[in-house]
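Once you scroll down, you'll see the structures, which are given as structure tokens.
First chain A sits with chain B, and in the next complex the same chain sits with chain C.
So, the complex of A and B:
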């Protein structure tokens, strides 16, 4: 991730905006707000990270943004217009510009279909129904190469024959075929080794530069968010407690929650402090 | 897929159920080939002929005879005459008569006959009715007759003069090979109250009942599955409406509904297939409920979400992303519906609301007939017991297959 000529994407036109967006689950005493009156504004081409602990409502928010879950309250503006996904056709249109990588790769596949169908669906969605078999194969091979996968080794396999990391990378490969306007990635590399992760994120950033794709990146890892994002939103108990440019938020955190998240990150450059570790238990 | 099939056939329960079911099915297919004919044909004039082999007495008189001198022939003849009841009554008579019968074994025909021949006299003992006296006189006569009989005469009546002419004699030592008798009929389960061959009727009835069960199962599963899929996947108002209908059908006991519908259809119009459809129409609710709850847990899964994001239509998502996941469950529900359908038909027919009685037998109708002609009180077990056994075997095998499948598809149940 070179620092060279990083274009400032935070000033671009707004592509997704939320006003008082809320989602609650349960009723009566059991009612809880998974997402609690959040406001945000994502710009075209912006790399936004949403950071928060487990259960803070990140996935719930992303499902609402995708139109897979109805908000209890609040409004979503898509390209500065109220989002309208009331009919099936409108939803299809919306999903042509908005795609996602889901958090759990094991749950993301239809276990009865070969993995090829996932990629073929993407080609068809971009109007590639009439391409020849070879052309389709080439496109899929190329998409897989972006995520360090060899398509020839995977074709005709069923999802259960793949490792978690392979499933996750194949989900990312979809994005290289779809090239959506907005990508919602829910911990897309949690099962991928560090080396592949760097390559994959680099490739996503390249795609962003190429087509101006907005990336909404959901993660636990505030360190990773710092390295790659333009903007960071910190989420605690369904609320955004702090947001702003990545440098500002992480180098100069204001909310106590952000400070705690940062202090919890093991620092590579610091010596491990082993003096407090009791070795008696080892004996 | 192949693997699943292999797993299924490794489940002992499924295999046992499957074997029983296939055996029943093969019987239904092949038995009519060996014993063709209308299952409702009345071959007997009387009711409830015992199971066994029957040969024409008329043909036997003209068949070639052999002479055998068998040592136990006379004893057998008397044995056949003396039922267990008659023996105890004979001993009872002798003890009332003041004879020494201590140590006399009722099963020992020789000793019994010997004692009886010594003591019996035609008197009315104290504590005996006149009818009892007549009973013992008759019993004694038939014993004496069978012991002293020489031969029977076969006479023929001259149609013009009305005179009898001797045609032949049958001696005590004459035997006829059953193969030489022109007409022999084996009725393994005897005849029923209408004089029908019970086994032939039973095999045909089991086939019809199975068809009723299949149609009922298909109807119930189709309705339940489609409504369950719709309610579960669409949610919202559609779900509310469908569940409202389902609840109405659940609250009214389906059997009451079944009775009402069957009653409202005239006896003439009530064919087996129509009854099956009516049964299916009242039995779909629990399939609908359970399919709905499974779909609800599936519809928010990420693979369904991904399919939506790929722009697939609702129909396609339901058929390819949801249905395959519940297919095994639907198969199991279907098997149970078939079994329930067969039982429902039996229950309906017992009440006289089953298919019309003149065309096809069903297991329920056979039970109904046996009950109406009190087969259970006059000891004609062959008219109802095999029917009960068949119903039990069918539903036992179906349920066994179902639990076998359950074990394969729900790994948590595996032991």
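So, the complex of A and C:
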């Protein structure tokens, strides 16, 4: 798709907002902030990337967004209303509009459940318990064909019979059935190779365009973030050091950390400068 | 043309599963690495990159079995040697191997100096501890690693440091060939850069005389190695210099692979990424024709029956396809214009 065909999603109504969001671990001298007073505003249909190295607090932030971890301070606004997940029923309700894909597709499935039941659960969660068998079958076939899988080949199989790429695509088929408002993708392509990666990225973009989903993409691959996202947030030590439109952040980085991150990535058209690297460093 | 440090001729190895089925994981690979040069091997997961590395060391243990072919290191054939001979005389001194999770190979209860002693004693049991320490300190200093690392335990070092230590230990006997299997893929970008610099340093100072670098990360290969070979389903489908392979790939598979490169540079945003549909063939029953035919969008009916031979062109480049070089270039040109 060309640059022009991409709609500007960065000005839509706010979907998920964080005000002074903080999470700390430990007490006293050992207290450390995994996420340190971050503010953000994700709009409807926006493709947001959160980029940072290991240990920068990406995963803690994503757990808080998913409601798996309570923030120590600050609040999250979901569609401009404070998010309420105080009871389990409310949490379930929230998860209907907030779903996630994780890094390791092998760990995302219950090994005792067949693939049919994974997809049937999604239909039931959307209130499809009373549909006829044929209707459910049609829905599952449609979801599988969206991710270039054939449902007839998958039915009655267990997850371990699939390859990693197929499993990750099936995760996206789940999202297609659930059609949540927000999708949180935590490094969904780091365990698949380059060719399948392109397929998965295309599917995510297609989902965004068809369903109008907000996608929060968490990654350490800055080239990938630049290719796919509208907005990029750069995270270092629990803080957003820089954020803005992908073009501005990647091509004209302001923060020293962003500059270093970009210069450390091997490139194709520019010289990869190894002369600045000091071999003597800390242990 | 330099002297060939490592030469592999039509190497075939297989895995035998516990149901006694053969998996032909490396099926007729020939390659040459000249003195002072490095070769990168790219390909998707499961195509046999790591098996090729293991096979090239001549150190076979079940389920990996040797079938046929020759491995020449600096002119000496090592393919027929017994595993014990290989371990004592070849590994470490002639050919060194760094696996992907090399940093996990360090025993947490021993100090780093112990591993150095282990490596040297396997080849020269008469060396004293003092001699070994002197040797290790000298080498570590040249490679920019602090001396005190030698007296530390593995858990006291960071991931990047562990990886560099392992590289320094495995090359302490100055091997002729270094095989690095994804040495930096478990590290973040900054540590990765330091590891790459270290390997360059080793090459420049002549401690290793040639290198094979395996990874699936193409921008990294482009920056690190002189030549790139693309592997698909147990065979090399194309070999050329790094620049030729990235900007002028000939084989449809390498063309697809190069089309999926993502770098943070102007102009990459909004371009089309090439996705290759389908999955690689099952190597228990490799297809009779071209192995890539099933996933190739240019495949002709005869592709499915006749296996294409290795074809040489432009002197040093090789590819494996029934189409001609100019024919394929024309196809790619037309495709680029259509977009």
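In the analysis below, the second predicted complex is superposed on the first by the 256 of 283 C-alpha atoms of A that agree within 3 Å, B and C clash if a C-alpha of one lies under 4 Å from a C-alpha of the other, contacts with A are read in each partner's own complex, and residues count from 1 in each chain.
Keep this in mind: a residue touches a chain if its C-beta (ideal position, glycine included) is under 8 Å from a C-beta of that chain, and two chains touch if they have at least 3 such contacts.
Nothing here was measured: the structure is a model prediction, and the numbers come from that model.
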item: Partner chain(s) touched by A:125 [first = chain B, second = chain C, both, neither]; value: first
item: Contacts of A:91 with chain B and chain C, given as first, second, both or neither; value: first
item: Touching partner for A:112 - first (chain B), second (chain C), both, neither; value: first
item: First (chain B), second (chain C), both or neither touched by A:28; value: neither
item: Touched partner set for A:100, first chain B, second chain C, both or neither; value: first
item: Partner chain(s) touched by A:260 [first = chain B, second = chain C, both, neither]; value: second
item: Chain B versus chain C as contact partner of A:66, first or second or both or neither; value: first
item: Chain C versus chain B, contacts on chain A by residue; value: C
item: Interface residues of chain A shared between complexes with chain B and chain C; value: none
item: Of all residues in chain A, those that touch chain B in their complex; value: 63, 66, 68, 88, 91-92, 95-96, 99-100, 102-104, 107-113, 118, 121-122, 125
item: Interfacial residue positions of chain C with respect to chain A in the complex; value: 44-45, 143-146, 149, 152, 156-158, 160-161, 188-190, 192-194, 196-198, 200-201, 216-220, 222-224, 246, 256-257, 259-266, 268-270, 272-277, 279
item: Complex contact set, residues of chain A against chain C; value: 1-3, 6, 53-54, 148, 163-165, 192-199, 201-202, 220-227, 246-247, 250-251, 260-262, 264-270, 272, 274, 277-283
item: Complex contact set, residues of chain B against chain A; value: 300-303, 305-314, 320-321, 324-325
